[in-house]
Structure formats: C-alpha cells, structure tokens
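You will see chain A twice below: alongside chain B first, and alongside chain C after that.
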Partner chain A sequence: MITATNLALLAFLAVLAWAIARIRNLFVVTMLAGIYSLLTATVFVLLDAVDVAFTEAAVGAGITTVLFLSALLLTDREAKPRKNRLASLGPMVLVVLLGAALVYTTLDPRMPHYGDAKAPAHGRLAPEFLADTVKQVGADKPTATHIPNVVTTTLASYRGFDTLGEVVVIFTAGVGVLILLGGNATRRRRRNPAPREESSGAGSSGKGAGA
Partner chain B sequence: MMFAAAMAGVLAAMALTLVRALLGPTVFDRVLALNTFGTVTVLAIAVLGFLMGRPQFLDIALLYALINFVGTIAILKYLQYGDLGASGDSGKSPDAGEGGR
Partner chain C sequence: MWESFLGLYNYWIVILLMMAGFYIVMSRHNLVKKLIGLNIFQSSVFLFYISVGKVADGTAPIIEKGIFSYSNPLPHVLILTAIVVGVATTSLGLALVVRLKEAYGTIEEDEINEMDAAD
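And now, the complex of A and B:
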C-alpha cells in the first residue's frame, strides 16, 4: 500500500509540474505551486523525513504562496506568450539528462540503496550519537537531558553552536525582510495620506519623522 | 486493511481535487481546490501515520491544517483587496471581478 501511495503521489506531482510549465496565468500557477508543495511534503512524510516535511509545508505552501502573491501585485497576471518552442528544447534536454543521471545513481550497485543500514553515512558517527543520547537521557543521571529525541539532542546539544549560527542567519533575514516591507508601507502611506481610522496614528508619526 | 482502504479513498479525493484545480474555469474554483487539497493532505498524513504504524505524525497534520488556513486567508485577501496588508474595513471595492480569470 505504501508503494502504491508513493506511486500515486509521484504521478500527481508529474501532472502538476507539467501543468505549471504549460499554464501562462501566473495566479493559477501560484495556486498549483501551493498544491505541489503540499504533495511534496506528503512524499517527505512517506520517506520518514518529518522535519523536512514541516519545513516544506511552512515555507513552500505557506510563505512562498504569499510571497508569490505579493510579487503578482507588482507585475502582470499573465506571463508573456512563448516566442518559439524550440528555445525551450535545450533546457528540456539538460533536465532530462540530469534526471536520468540521478536515477542512474540510485540503480548503480556500488551506491547504497534507500534505507540501507550499511550505508557509509550510517556507519561512523550515527551509532555513537545514538548510544550517547540514550546514555544521557537516563533519568537517574545528573546530566540527563530528558530529551528522548535523537534529532533534538543533536540539533540543540551536539551541534548547538551551529544551530545558533543558523538561528542568527534566519533572524537577520527576517529583520531584513521586515525592514524592506515596512519601508515600502511607510512610503505608500505618505504618498496617499487619506485619513483612515486604523493607520492615521502611524501615518502622522511617519510624517513627523520625515519632517 | 481498513487504513489501506482509507488511503485509497484519500488518494481518489486528491485526484478529483487536482482535476478541479487544473480545469477550474474561475479563480475561485482553484482557490477552493487549493484549500480542499490542504484538507485532504491533512487526512492523508493522518492515515499515513496509522498506515506506517507511527500515529505521532498526527502533530504534523495539525500544523498543516493551520498553514492551510492562513494561506487561504492570504489568497482571498489578495483577491478581495489586491493588497495583503489591507485591514478588513478599509472600504475598498473588491476588484476580483475584472481579473477573475
């Protein structure tokens, strides 16, 4: 049943990708991209990559759809019609070749198969981390972390500084986006000073700052 | 067995929703298809959790339900006001009619 579900989801993905490439209405493409994201997240859950599925759903289906819509506000709703069809042949060949190469790497007998316990990635560090985590979680130890999840322990303890760096990067990006969006809103309010109940206070303060 | 049958039903619902999203003549058909697809995805993940013997996956299904709701609100706000930051009572006339396709 799992295999059948996988095949059905991948078939849906292929149909959606084809439609996204063909349809010229950008609003429709945004909708379909959201559906594509949800489907991809389901495939990730099937592959047992729950954290990746979380991210895919939040970023792909949530934020990206909103960002695409904001971009649509600044542009046209229709993409320009394709000039000549032969121009897209080159990228098509390239993508097909790349896909074939990726499929080949999964078939090559020298590469580890999906879920192979003897894969090199599972041979060296993972057993030690698994053993150490179990040791630390023991409730009788004074250094017990009480975290029964190996992923959480690895992220927050073993590579805590790395995670801190990631959080700093994400925080900086978020602040940058907020500054960009907020600056735009202030400019629009100044250009269009129609009195509104909600934003009149913010608009006057913005004017005071400009004066 | 029961979960397999439920999964088959969910997949069939996914296929039907996909058809509506691809063919849907108006924008609202597609918005509804996106929202419905999110709901069906929540169901699919819940069923998958039981099918794979790991019902802890229900948490993800809850998160998806939340994201789906926010995304639909954003899209409808864009359609109604043409601005994602508009407050609900800004009194601007809906402009979804002319660009409704």
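And now, the complex of A and C:
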C-alpha cells in the first residue's frame, strides 16, 4: 500500500514539473510550485523523514510561495511566449542525453536499491548517532529531560556548527535583499537618467514603497 | 525485474525531476520561471538524499520502546539545513528579479540581453 502511494505521489511530481514547464501564467505556475512542495512533503513522510516534511511544508510550500507571490506583485503576471520555438530544442536534447546517462548509472548492480539496509550510506555515522540517542534516552525509560528525536539531537550537537553556518547564510541573504530593495532614497540615487528607465521608474518606485 | 523497478523507481523520478528543472532553467527566458526551475532541481536533490536514507521496515528516527529499526537520520539532518538555505537563496534571486524589473521594465532574459546589446 505504501509502495503504491509512493509510486503515485512521485508520478504526480513528474506531471507537475511538466505542467510548470508548459504553463505561461506565472500565478498558476507559483500555485503549482506550492502544490509540488506539499506533495514533496508528503513523500518525505512516507520516507520516514518527518522533520524534513515539517520544514518542507512550512518553508517550501508556505514561505517560498509567499515570496514568489510578492515578487509577482512587483513584476509581471505572465511569461511572454517564446519567439523562437526551435531554441529550446538544444536544451531538450541535452537534458535527455544527460538523463539517459544518469539512468544508465543507476542500472549498475552495485547501486543500492531503495530501502536497502546494507547500503553504504547507513555505514558508520548513523548507527553511532542512533546509539548515542538511545543511550541518552535510556532505551526503555524515556524521560522528559532527554530528546528521543535523533534528528534534533544530531542537529543541535554534531552539526551545531553547520546550523550556525545556516544562520549566517540567512543573515547574508537578508542583508542582500535589504540592499537590493530597501530604501527608495538609495534607489533614486542609483538610477541614472536614461530614457527607458524614466518611463518605468514612476510606477515601480511607487510599488517599491508598498513592499 | 519488478523488484529492481521498485528498487530504482525513486532514483528515476529524481533524475526526471532534476532534468525537468534543468530544462526549465535553460530554455525559459522568464526569470521567475527560471527560479521555479531551480527550486524543482533543488527539491529533486532533497528527494534523492531522503530516498537513500530510507531503510525498509524502518520507522522515523525517534527512539521508542520496542522498535529496533530506524531510517538513517543523517540525510534528514543535512536536508533540513539545505531547505532553509534554499529559501534564503530563492529570496535573494527574487529580489534581483524585482530590481531588474525596475531597471529594465521586463523580466524576460532575451529582452534584457537585447537592451544591453543596443546600449
């Protein structure tokens, strides 16, 4: 049953990706991307990654969709049709070849199958983390002071520095967004008086103040 | 045959999604659409990591009485970080798109290139 759900959900993801490539209305595309994220979160639950599913549903389906919607508000709602239809033939050939090569590598008999408990990925670190958490929790008497969730304990201890780096990345991105969009005064100073920017300047600076 | 199809199906879908994202990034001129393509590419990598971490008959890695088989928690930890970093980069990309719209009046890459060539 779970296998069938897995098959169906992943097939849905493929269909959604195809629709996102086809549709030109950017609002529809954004909504489809939100659905795509939510479906990914569901797949994560099936694959036992409950914490990742949580984050994907909140951040991927929630915040990302809001970000895209606010960007659409400040830019265009509709993607223009391609002038030259043949131009996308090259990328198509490239991705088909690359995809075929990747599929060919998965056919190698050494490729661990899905769910294989003997896969090299489960080798050294993961059993250690599991054993550590079991030791803390006390195996059969979980107490309120210890955290039974292995992902949480690993994230806070072994990968604590990594989480610090993550915060630095978010901070840098926030500063970058503020520099790019913040403050109309800065923007007016930067804008040089070329004719084509004059024409779009009045409308966009008004919208920029609203953001 | 059926067993190896089920064993490799997740990887094939991951490859398909990754190539779909890559194709959108390369072939579409609209910058917002390019960013969505990047997001699809990115989430295919997430799916790959989580698929690798799955252990058959395992459960979510939360220690509980009477359960002895858990899925690998390490990919989950890595991908948790990656999702949040992905949103940070997406927001920065969207900010760039908004600035480009203000400067050029369009978010189509080919039109921007034409304007740059005309200058």
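Heads up, the rule we're going with is that the second predicted complex is superposed on the first by the 147 of 211 C-alpha atoms of A that agree within 3 Å, B and C clash if a C-alpha of one lies under 4 Å from a C-alpha of the other, contacts with A are read in each partner's own complex, and residues count from 1 in each chain.
Methods note: a residue touches a chain if its C-beta (ideal position, glycine included) is under 8 Å from a C-beta of that chain, and two chains touch if they have at least 3 such contacts.
Being a predicted model, the structure only gives us computed values, none of them experimental.
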item: Greater chain A contact set [chain C / chain B]; value: C
item: Partner chain(s) touched by A:V50 [first = chain B, second = chain C, both, neither]; value: both
item: First, second, both or neither for A:T42, with chain B first and chain C second; value: first
item: Partner chain(s) touched by A:M31 [first = chain B, second = chain C, both, neither]; value: first
item: Contacts on chain A seen with chain B and repeated with chain C across the two complexes; value: 50, 70, 72, 196, 199
item: Touching residues (chain side chain A, partner chain C) in the complex; value: 3, 6-7, 10-11, 13-14, 17-18, 20-21, 26, 29-30, 33, 36-37, 40, 43-44, 47-52, 55-56, 59-60, 63-64, 67-68, 70-72, 74-76, 79-80, 82-83, 87-88, 91-92, 94-96, 98-99, 102-103, 106-107, 111-117, 119, 121-122, 125-126, 129-130, 133-134, 137, 139-140, 142, 148-151, 154-155, 158-159, 162-163, 166, 169-170, 172-174, 176-177, 180-181, 187, 191, 196-197, 199-201, 204-205, 208, 211
item: Contacting residues of chain B [partner chain A, same complex]; value: 3-4, 7, 11, 14-15, 18, 21-22, 27, 30-31, 33-34, 37-38, 41, 44-45, 48, 51-52, 57, 60, 63-64, 67-68, 70-71, 74-75, 78, 82-85, 87, 89-90, 99, 101
item: Sites on chain A touched by chain B in the complex; value: 1-2, 5, 8-9, 12, 15-16, 19, 25, 27-28, 31-32, 34-35, 38-39, 41-42, 45-46, 50, 53-54, 57-58, 61-62, 65-66, 69-70, 72-73, 77, 185, 196, 198-199
item: List of chain C residues in touch with chain A within their complex; value: 3-4, 6-13, 15-24, 26-30, 32-33, 35-37, 39-40, 43, 46-47, 50-65, 69-81, 83-92, 94-99, 101-108, 110-111, 115
